[in-house]
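Following this line, the structures themselves.
In what comes next, chain A is part of two complexes: it sits with chain B in the first one and with chain C in the second one.
And then the complex of A and B:
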């Protein structure tokens, strides 16, 4: 059976129990989205090649929580992503969606021009203009260009010697262009544990294109990336990702949503793919993680993003934090920060995204003494933009506690 | 991954076992494809409601009930265990206490006005006890489509209670503020947490109530702030207020799920929701690993010393009938007992008749360990709880939550005893 058939066919397992609806962060704050069960397994039966009878589908943020919690295994978020892509293809995809879906292309343009590009990104008049012309909300979180890519840093970074173990690092677009520090800290933490870190050449995984319904382009990107990573996976190297959503794209989403189940490269890469916290915790369980942590005396709110929850591995970051003396961590019980990749950037969805994230922002503000921790870049930007509190990847707390700074 | 104990299933049975194991200091991992039936069912703990006639006193009825049904899971669970499990639950639910005893059943109204026997009930439902002879007004909310107080009250007025008491019930329809045509129970639960909303509802309702009437609301009186929401409404109306369970989603059940999940996490449990337990590794009559399927295209084995199967029955897909007529258990490949022999009818045409397949499930020993086809313990360190247990017909007996809670409680006791 091809992927489309079993993803779509899974709707027959829906017993209309409404568990997905009780968890959906979007339908719980706005009547514009009637909920994953209604839009997914129910409406899908009425969708033909002529299109979808209901455009409310566009208000699904694609956070994937419905699929994570479905006790019957219905691929609700995947069904909705595919239906939305079809609907957008028929009704036309806005220029905005085509632009914000290409972080690596933006990075290539913006990096050499970083000072100028950043000036404009911080400029209120420019953001107002962008909102008026492209409908990207003027207050939505936008990362700044680092000016120097992580790739260029990695090329000059001397490999760890001697090293008995090696690991492949998938950094994703954001660490390459906007947050190379996160990637450098990940490398330092892995090296501290005796790993030589291999950084293959890599481009976008296609996730933002997929979220915006540009499936053909998304497939091109993810297939190319899988082709680049597959030789390492085939030789038995594990691959770690600091971008939890891009890691999930390579583990599962591309295979299911983009119908690439038969792509052997992707399957091999998926079998060797680890979220970095998942990997470090597995080291700890084997007694192979160094625990020479210095105390970090702070109270940190931790938010496991919706996409991190999609890995089905629990919250390994929390258990790693437990190894750091002095560190008090408060786990957020909020499912989603609202931004869901590029959803919360869009003018018509910005208010919904902020309302989805509101309980999280309140928790972060109440708890944080210095920083918040979160595994996904777009969520970190959203949290920081909404609360003014710096948000770091969990690996940064490990890096600090190891005394690597 | 590794743990001391792995529980498969995130329903009432699995979470009860998980909380007790984690609180006993065992490193406990709970794997659940999704939350279990707590989100769908009333949060009452029904121990035994029909046997087959209406049961007024479960403690008195249980001995003869199990004597007539030696394969029933209650034959492996003493009445003391059942009572202890309910006491344990109540102690874990503050500020959401459970009330009741095994000595007698409450008779609470369902959303369609059927008197339903339950032994232990959330405090906020207790005033709906129909045996009390009270007069009841049932409040309907404008945009809650699945709760029709007129139907409820009409059916109750015609109901025959065992004590001969007739029920005095009527409906009051409220035109609460808001413009949405369709609000879910969860949506109303959030609205009721707002003082302003409660004051508007109370102001509309109060003049329409008659002296001496207790007021039944659909069970939407707050989610996170349930107790204060309920007590505040009771104050405002100056009379007993109680909740009636709704159709799914069940807000009362979600509160129960939250309380148990939070207790599990607070005790240091590892919760993996969204992954499927796809199989197990065994050696010399012992389970060594449960193998789960996460997002990655590789099996993830979890090593542990003890395992609990709490995945549910047919409805949950934990036990399934294949196209060759064979019945299987999905994780450990356990023998399923109570399945009609080949050639015998598996189902009869009338839905509510005694279905030959109705009691199929896992047969267990005194410590709730699954038995193989020959009646021997299948794996020494594997225990079973909840709807996977064979020999029961929870929907007919009204015993589902009672069995889930008591068996989840009991398997944890067995493991903790072994571990010490």
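And then the complex of A and C:
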């Protein structure tokens, strides 16, 4: 069966057990979202191409925990995502969603104007204005522009020589425009392990567009990205991503949710995609990871984000942290930080997102001596915004322990 | 013994009987309708839900085809609330005779059925799961129709015109005096009381059971019960009625109705309309037929299988294949046939033509009693129906949305809320959860009552103020009834569901040992 059946057809597996609803972080804090079973396999039986009359569907954050925990293999989050796209296509997509779903476009505008743009982003009056006009919550975490893209850094970065191994790095929009340091540290960690790091030209993977129901635009982006990355994958290069959600998009989500199983470029890329921690741990399992770590004497709360859990690879970061002497890591027992990409930015959903993340914020505050660790950028911003504690990508701890700073 | 007096007694609470009661009441006759069970539990409530365009019969049975399209147009006008305007497709699949398609088109034109050939690509765009190897595709005005809803709407309309509708009243005997049927002796199967009904005229609308009723007056009506089985698949594999463009055959249609798609059907002569079984090979035949129309059909989830018996009238009961008997209806005037006056039998036909059958019957009745009243059933919409305002699949979701936070959901699969359930219990005045099921589709979804029936039982106990034992009994009857339809199709997803349901009922609730339950009753 085709991808439509993977997703919609999977509703046939639902035995109504309600496990997804007990795990759903959103329906546990707000009655506005009736829960993943309700809007997913249940209501899907009532939907035709005419769309769905259930506006409450839009309160799904898209975190994907329901799909992860479903013991029957129902693609709950994916069903919801597709249903929401149809619903939004019918009812119209707010300007806000069209803007926040295009991080690379924002980056292109904001990067050359970084000092001015950042001044405004930090300005309370401006944020208030944005909330009133666009309905982006004034307190929601917003990254600042780095001013210089990772791409421009990478172009001037001399390749590692001699190198016997090479790897392709998919950095994603946030590392390019907002956190080039994360990408630079990833490059350093990979080079430390003997890899020449290839950074192809790349644009957005389309994930934020997909989450906001702009499927056609999302397809255009992800197809183009797949076209750019495919020549490397075809030649056998592995591709690693520091953005765990964008990596998941290329690995699985775009094919399933956007029904792009027929895109051969994407299929080839999917087969070579690795989350960076997944990749590094696989090196370690083969005895190929350098373990010349210096002690890091700190206690770090680690939060494996929902999207990272969607990879179905366990928590490789935890095992990597175990290699670092002195590092005490406390694994968060909270499923979700609440932000779910762009969900928590939206005025009508900000409070829900904060409530979802509240137990995590308490834990981070109680545990952290210096920083928290988390694989996803938007979750890091959310944690930092809520707790005031800097949040870092796991590669940053490896980078520090390797003494690369 | 209570006695009722009425102008017309209608025997049979299927679509035809209710249609006759409504028609007669609208023409000014006082009417009483009796059925041995609940309304629409014989053949009417047990078909696939197709509102025929007539396309199915254009080559084989043009008279039935003409009747179908005539009534299709009328029912769309008077019963829109019971109809989903899905449209229909006739498609030539790889196993169909290619020449049939041209005869089909000719037949449609002759019968007055709007038909249009569309490109195969367009048909596949509309129904992406359909077999991509189809060679031709035609659109016709098929639709799906909720027979329970239609029958109940007719019954409400008949009641509004003064009819008395008596479900669970079984005819024990007909009263025949002076060469005419004068009424019937009926038994209230729930109250246990016998009731005498004196009637000036009796209409036998008992469908596949018509022979038995006719025999009570010494009349002959040979009805061949033709069994057909149907399988409901868990969700809408198609959103248009999809027919094979071929002579009528087993499993030649998938009907999208409410939340499911139904594949049907078979046709097998049975001796007794109350005694037949669903054979394993029939189920397999349906699954194969489904695979031909929608590749991957076998991997989809079958929810339930059931069967119904068509009332097919044959003057000489010798025909071997019931499929060859006309699907047009037959009105038997027993004065002319058997010398018994004031007694008509209406049988044969199809759900789609029930209104026409009723009209013909009441016309004949008027002629027999020598009055002239024009039929108005083709023009007056049923309660809650407005021409052009069809039922649509999302309507329950839409109605649920504003009350999400205040009205508890009882049946999750079919979105039955507590308020709706309580209202149905009060309205139906029944303690039988299966009656409630047919009224609001309680427990008809994927879990087949696994998660809602124990909830509904508690509510039943509370609302109807019945003893715990009676509520338990209702729960057990329901579970047993659901199991009948699941047991023959146990594989894959539905098997998993059945296991979970079994754990809930046997493991957690220990239903085998409920007071008043199976063990107690044994």
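Heads up, the rule we're going with is that the second predicted complex is superposed on the first by the 405 of 405 C-alpha atoms of A that agree within 3 Å, B and C clash if a C-alpha of one lies under 4 Å from a C-alpha of the other, contacts with A are read in each partner's own complex, and residues count from 1 in each chain.
Following the convention adopted for this analysis, a residue touches a chain if its C-beta (ideal position, glycine included) is under 8 Å from a C-beta of that chain, and two chains touch if they have at least 3 such contacts.
Keep in mind that what you see is a predicted model, and the values were worked out from it rather than measured.
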Legend entry - Partner chain in contact with A:251 - chain B first, chain C second, else both or neither: first
Inset, instruction - Based on the superposed arrangement, let me know which partner A:92 touches: chain B (first), chain C (second), both, or neither? - result: neither
Inset, instruction - State whether A:115 touches chain B only (first), chain C only (second), both chains, or neither. - result: neither
Inset, instruction - Identify the partner contact of A:45: answer first if only chain B is touched, second if only chain C is, both if each is, neither if none is. - result: second
Legend entry - chain B versus chain C as contact partner of A:72, first or second or both or neither: both
Inset, instruction - Scan A:311 for contacts with chain B and chain C and give back first, second, both or neither. - result: first
Inset, instruction - Scan A:287 for contacts with chain B and chain C and give back first, second, both or neither. - result: neither
Inset, instruction - Please work out whether A:17 is in contact with chain B alone, chain C alone, both, or neither, and reply first, second, both or neither. - result: both
Inset, instruction - Considering only the touch criterion stated at the top, classify A:31 as touching first (chain B), second (chain C), both, or neither. - result: both
Legend entry - Common interface positions of chain A, toward chain B and toward chain C: 13, 15, 17, 31, 72
Legend entry - Residues on chain C engaged by chain A in the complex (per definition of touch): 128-129, 234-236, 239, 259-260, 296, 299-301, 392-398, 400-401, 404-405, 409, 412-413, 415, 445-447, 450-451, 493, 496-497, 500
Inset, instruction - Over in the complex, which chain B residues touch chain A? Could you list them? - result: 1-2, 29, 32-36, 39-40, 180, 184, 186-187, 190, 248-249, 254, 262, 265, 270-276, 292-298, 300, 315-317
Legend entry - Residues on chain A engaged by chain C in the complex (per definition of touch): 1, 4-5, 8-9, 11-17, 31, 34, 37-38, 42-56, 72
Legend entry - Residues of chain A that touch chain B when the two form their complex: 13, 15, 17-19, 21-22, 28, 31, 67-73, 248, 251-252, 255, 267, 270-274, 282, 285, 309-314, 319, 331, 333
